[in-house]
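In structure tokens below, several structures.
The two complexes that follow have chain A in common; it is paired with chain B in the first and with chain C in the second.
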Partner chain A sequence: MRHPLPPEIESLWTLFTAPVVWALHFLACYVTAAIFCAKPGLLGNDFFALRTLIAGITLLSLAMIVVAALLAWRQWGFGTGDPPHDDPTRRDRLLFQGYATLLLSGLSFVAVIFTALPAVFLTECLR
Partner chain B sequence: MSAQPEPTRDKATEEAQLRAVWAKPTGWRYWTSVNNAQVGLWYGATAFAFMLFAGLLGLLIRAQLAVPQNDLLSAETYNQVYTLHGTVMMFLFAVPIFEAVAIFLLPPMLGARELPFPRLGAFGFWSFLIGGIFVCGSIFFGVAPNSGWFMYPPLATSEQAGIGADIWLLGLSFIEVASLAAAVELIVGIMKCRAPGMRVNLMPLFAWYLLIVAGMILFAFPPLIAGDLLFELQRMFDWPFFDPARGGDPLLWQHLFWIFGHPEVYIIFLPAIALLAMIVPTFARRPIVGYSWIVLAAVGTGFLSFGLWVHHMFATGLPQISLAFFSAASEAVAIPTAVQIFVFIATMLAGRVIFSTPMLFAMGGIAIFVMGGLTGVMVALVPFDWQAHDTYFVVAHLHYVLIGGMLFPVFAGLYYYYPLIGGKHMSDRVGRFAFWLMFAGFNITFFPMHLTGLRGMPRRVYTYPADIGWDWLNLISTMGAVVLGIGMFAVVMDVTLHRRGKPRGEVNPWNAGTLEWISEPEENWGVRSIPRIESRYPLWDQEALARQVNAGDWYLPDAKEGRRETLVTSVLDAEPEQVLRVGGTSYVTIISALTLGTVFVALTFKWWIVSLISGLAFMAAVLWWLWNGTGDIPEKDGKDIGHGISLPLYASGVKSVGWWAMFITMTGDGTAFASLVFGYFFFWTVHADFTGGIAGPGMFWPMMALALFALSWAATLAAREANRRGKLAVAWILLGSGALTSIAGCAAALAGPLTTGMDPTAHVYAAIVWTLVIWAALHGAMGGIMQLYCLARSLAGRLTARHDMELHNVALYWHFMLVTALVTFAVVGLFPEAL
Partner chain C sequence: MAALTPVFSACSGVQSALDPAGEESGQVARLFWLMIAGGLPIWAFVVALSLYASRWKLEPLREDTAARVIFWGGVVLPVTVLAALLAYALWLMPSLRPFAGSDDATLRIEITGRQFWWHVVYKRPNGVRVVSANEIRLPVGERVEFALTSDDMIHSFWIPALGGKMDLIPGRQNRLSLRATKVGTYRGQCAEFCGTSHALMAFPAIVMEGAAFETWLNARSRPSSGVHAPGTGRALFERNRCGSCHRIAGTQWQSTAGPDLSHVGSRLTIGAGQLASGSEALASFVADAGAVKAGAHMPANSHLSAAELTEIATWLKGLQ
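What follows is the complex of A and B.
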């Protein structure tokens, strides 16, 4: 049977996946809104369209974070081992990486929602 | 694996060799040492001295504000005093002290002999010292910067700012270079120089924090360097980046400054928390609870801190939706910050706490920090901030955060780690006395400022009238400051006087569990032999480890070849990969720092010729340094490090630490470049027609420059391949022609704005185009010099088919250069056409 998840990557960088998604989401929201408000007409004049766009970026980002979390959960052995993961073995190192990545995915998920919230409440480019 | 001593070894001879190789130079040559123990100590002592100086300035501020209508200081002097107080505390104490602590502690903590680039570390220290003295000294001539520590234009670009603004910009740029050097050193050190077996799940938390902080430095400092560059171009040559009359905008400075400034707060705070993460488990007598949660907090805070910068700009009239994004992120960062506090509380609850002096400072710091965090959550809300902005409420908030989150932890660290310096202990009695004075003094000083702020007192005012309800609050603050000052003075006395003639005590008086407590303060070699680590707290869990290490039973216990060596290990599992030879004692670091320092000082006074000459001298010094001190071809391929392991002495490409250093440096460089590009688009957003009707550089020359740089890039890659196959002549031709093409590329780059007659003083569009093009051209020229350097190395036989580290590093540089050229010329050449 083909596995739905991609093969495991062993690297330090996977730890940063979810926060990087947060950072890109943050930048996308900020830059889009800034250009929308500074250059009327360039991205349209309808603030509702801007909010929809931000909603779209947000959903996409959340989905990416969920995927990162799934991969992390797998690296953590689907929660079969409990922390602290402090044995001097490759297995415990992997479990630690998975667990830390999973935690960061959770934080990034919440932080993305935080960032998107203003678009729920604001309805114009007030200065 | 056990550490069995091998019978045939003559340990006494080994130890003598090792001691000789790592010996500190004596007499005045002591100052040419590059060893982490000396450099770390100097660095720390210097930062501490700057802190005391800035503390005195703080007391002057309080003395001036003690009573209404005071004229103790003149208004101009007062402006200089508070500007320097903030500047010195932030740039010359808060950031450098952690570079200092890290340089001093990391090698023994990671079980390394030395960090990978000791000379770079020493260069960083000397740069810091020279830049710091330059900036601090200015106040004695009455020319210190006087526009506040964040130097807002138009005030700071105006005539009133005087030469002080240049001193600030150039002096601090120089120190920022030192910070970037430290970041390179720390990242490579933590990733590649850990003791065998110290996998990422066993790394001391201090190292985790420092890794994140060094990464943050790479993305936070370059925007400020870019900002400084624009600022200085305006002050020196009247390029109007921040002048609205000619299309500029002062807000760009605020963006660039705070993209640096807010992460900086966390760059200061995280290492302090890192110290607590070492101290708390020791005195709770158990491993930390929630190791992974600390990693979450460090990484999470590191990232989120980059989404906060606009909360310093809530009152600048940006669209509310922009403000709201930053407000949301500012609230979100409270989550990972609080996680760390809860981890410490949990660790203390789960253990049996010993309330030693370091622990007192740690707990006091956390209590103060939490208070500052709470007011932080308040000022992160836009409506509240509009009320409190630029008042003493903010002054109170930032001092609660910085003193609680940084100064108290540093003092905790001082008391905790002092035995590692010479094996002597600080006085417990004095420590407790000082702590209570400082804790009480701090709160008496800064708590009333919340109220003065809410009563409307703006920050930075020189004096105030008597009848508006600020006077008694200010008087209380001043009295508190005196108490705080006495507390600090007690610590200073303890450090400087009390120690003399005291007998050497135990090196590990706290019975701590991490590796740095093995080190022998009398020895300069870091560790006698490099152990295999199997625990987060090896001294608690690996019995006899200290004895075996100090008896030389572990890896690399000798220095037969008379070279300073340390181990390079893999990133994730710390498997031994290479024996790295590091640089030893040398003058070249001091000479490099002096010549570069002279460049910056001479620029301040517009002594063009002096700065040109010292710039050339700096380049010569660096080339000499590289030629003689790096990329040595070893006399043999490998070395036996004991226990049946033999490792190579040379590595190139991804496996070499030099490659990583280049990668990291260029990431920082790329961030500075991105900040300039941000500036270009920023000007585009603030104007209907951002070109101001000026003709751009056209398409031909930018595209020509791009093509030439791309060719030069290709030549470099081809040269690397040719060299690898042993076709030296082909490689020489490729390198030579690559350098020529680079020079042609530089000329083509400059030809664009030159041929269309763009005048950088006329309008900001011309100024920013020139800036980008010059940036690309300078990098191209540097790339050309690197190609010629490789050519020379190859001709001299110092670069061969197998020993080709330099070529790999230069090729890596050219990858970054290609991206720089692509972005630059697409932006200046194509973007205006696309509009």
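What follows is the complex of A and C.
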């Protein structure tokens, strides 16, 4: 069966993909909001443009996290085996890493939404 | 129940965020009760669950049941509750900190924090400017905008009965907007540690009917007639150079290094909320401000006799 996902990589780094996206999204939101509030009307943009930008990077981040979660789900064998995957075998190591990555992706997904939530309610930046 | 009496009595009074007298404090109180209403059932549920697990159901759950409990109780429920609370708090934010436009606010009050007192300037849209200190009066039902800054430390301006707090930061002007809804006398307090007498840096906040407030402010925009009262109080005030720090409208003394005394006799308290106003309180404060308020910058006047202190205090009390 051909799968649309890229080929499987065996690396510990894939574990951190979703938290890294979460961290970058957090930085992007807070840094752009801070710059915008310190310099209102930067490059002729209003607050709505800032909210649109945050919405854009949020959707992009969520998409990246979903992809990371799909890859992790595949690594976990699409949920065919039950945790805890604690046998000292290569297979269990891979399954454990896939499962942990999937859980981290879930956490990052919720965290990215919580980070972006203020932009839904705050409509201006007054000093 | 008797043990809880002090707890419940703290919910009302002149300085309680749970006994709101303003629009903004009303929202803070509602948020508090909502958090209690939301938190108590969760707390009770968790306690009941741990009791169930530790006392009654001593054998482990089936693995798939346990997984379901973890998924629904440990993931879905907390995420939903937190998302709802976060959304509610964020939704509340713009109305907790309403910034009045220049045409919306009928009154603007500039407040400068100093160790350990408040310099207060009332500004009307028509340009009328009234200087005062250590007491704030507001018209009920009207939006009042505060412009807050500090000359020394970071202070924080907080009238719990009327709204949330806002810091006073040197070199920066912060804005706060309040709409009082109930006539009464409340208490404000510095809410950011600013030195030895930080806890003694308070002020009465008096919410008045609109017409009474107008009359009051109009009277305060003119010098007090007590300035020319007979007696030696004014001469003693001059001889002891009180005027090099204190301003009194209608006189040659215009320094704002210390609190404005133009109408000090009509204020409810002396020493920024410390002593109930009166000639005796004034005399004791003039004699040794540091004894009332440790760290106060006003020097003691130990060279003055009791009779001289009474003369000065009587003259100051006459500045109505």
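By definition in this document, the second predicted complex is superposed on the first by the 119 of 127 C-alpha atoms of A that agree within 3 Å, B and C clash if a C-alpha of one lies under 4 Å from a C-alpha of the other, contacts with A are read in each partner's own complex, and residues count from 1 in each chain.
Keep this in mind: contacts are C-beta pairs under 8 Å (C-beta built on N, C-alpha and C of every residue); 3 or more make two chains touch, one makes a residue touch a chain.
Just so it is clear, the model here is predicted, and its values are computed rather than measured.
Student: Does the chain A-based superposition show chain B and chain C clashing or fitting?
Tutor: fit
Student: Just checking: does A:V120 make contact with chain B only, chain C only, both, or neither of them? Give me first, second, both or neither.
Tutor: second
Student: Tell me which partner touches more residues of chain A in the superposed arrangement, chain B or chain C.
Tutor: The partner that reaches more residues of chain A in the superposed model: B.
Student: Looking at the overlay, what does A:F26 touch: chain B (first), chain C (second), both, or neither?
Tutor: A:F26 sits against chain B, while chain C stays out of touch.
Student: How many degrees apart are chain B and chain C as seen from chain A, counting from C-alpha centres and rounding to the nearest 10?
Tutor: Spelled out: centre of chain A as vertex, angle of 70 degrees.
Student: According to the stated criteria, A:V110 is in contact with first (chain B), second (chain C), both, or neither; which is it?
Tutor: Touch status of A:V110: both partners.
Student: In the overlaid three-chain picture, find the nearest pair of C-alpha atoms across chain B and chain C and give that distance in Å.
Tutor: Least C-alpha distance after superposition: 5 Å.
Student: Please write out, lowest number first, the residues of chain A touched by both chain B and chain C across the two complexes.
Tutor: 110, 114, 117-118, 121-122, 126
Student: Would you tell me which residues of chain A are touching chain B in their complex?
Tutor: Touching chain B: residues 10-12, 15-16, 19-20, 22-23, 26, 29-30, 33-35, 37-39, 83-86, 88, 90, 92-93, 95-97, 99-100, 103-104, 107-108, 110-111, 114-115, 117-119, 121-122, 125-127 of chain A.
Student: Of all residues in chain B, which touch chain A in the complex?
Tutor: So the residues of chain B touching chain A come out as 191, 197, 199-202, 287, 290-293, 295-296, 299-300, 302-304, 306-307, 317-322, 324-329, 331-332, 335-336, 533-536, 571-573, 685-686.
Student: Under the definition above, what is the set of chain C residues touching chain A in their complex?
Tutor: Those residues of chain C that touch chain A are 63, 75, 79, 82-83, 86-87, 90-91, 93-94, 99, 175.
Student: Taking the touch rule as given, give the residues of chain A at its contact with chain C in the complex, in rising order.
Tutor: Residues of chain A touching chain C: 82, 106, 110, 113-114, 117-118, 120-123, 126.
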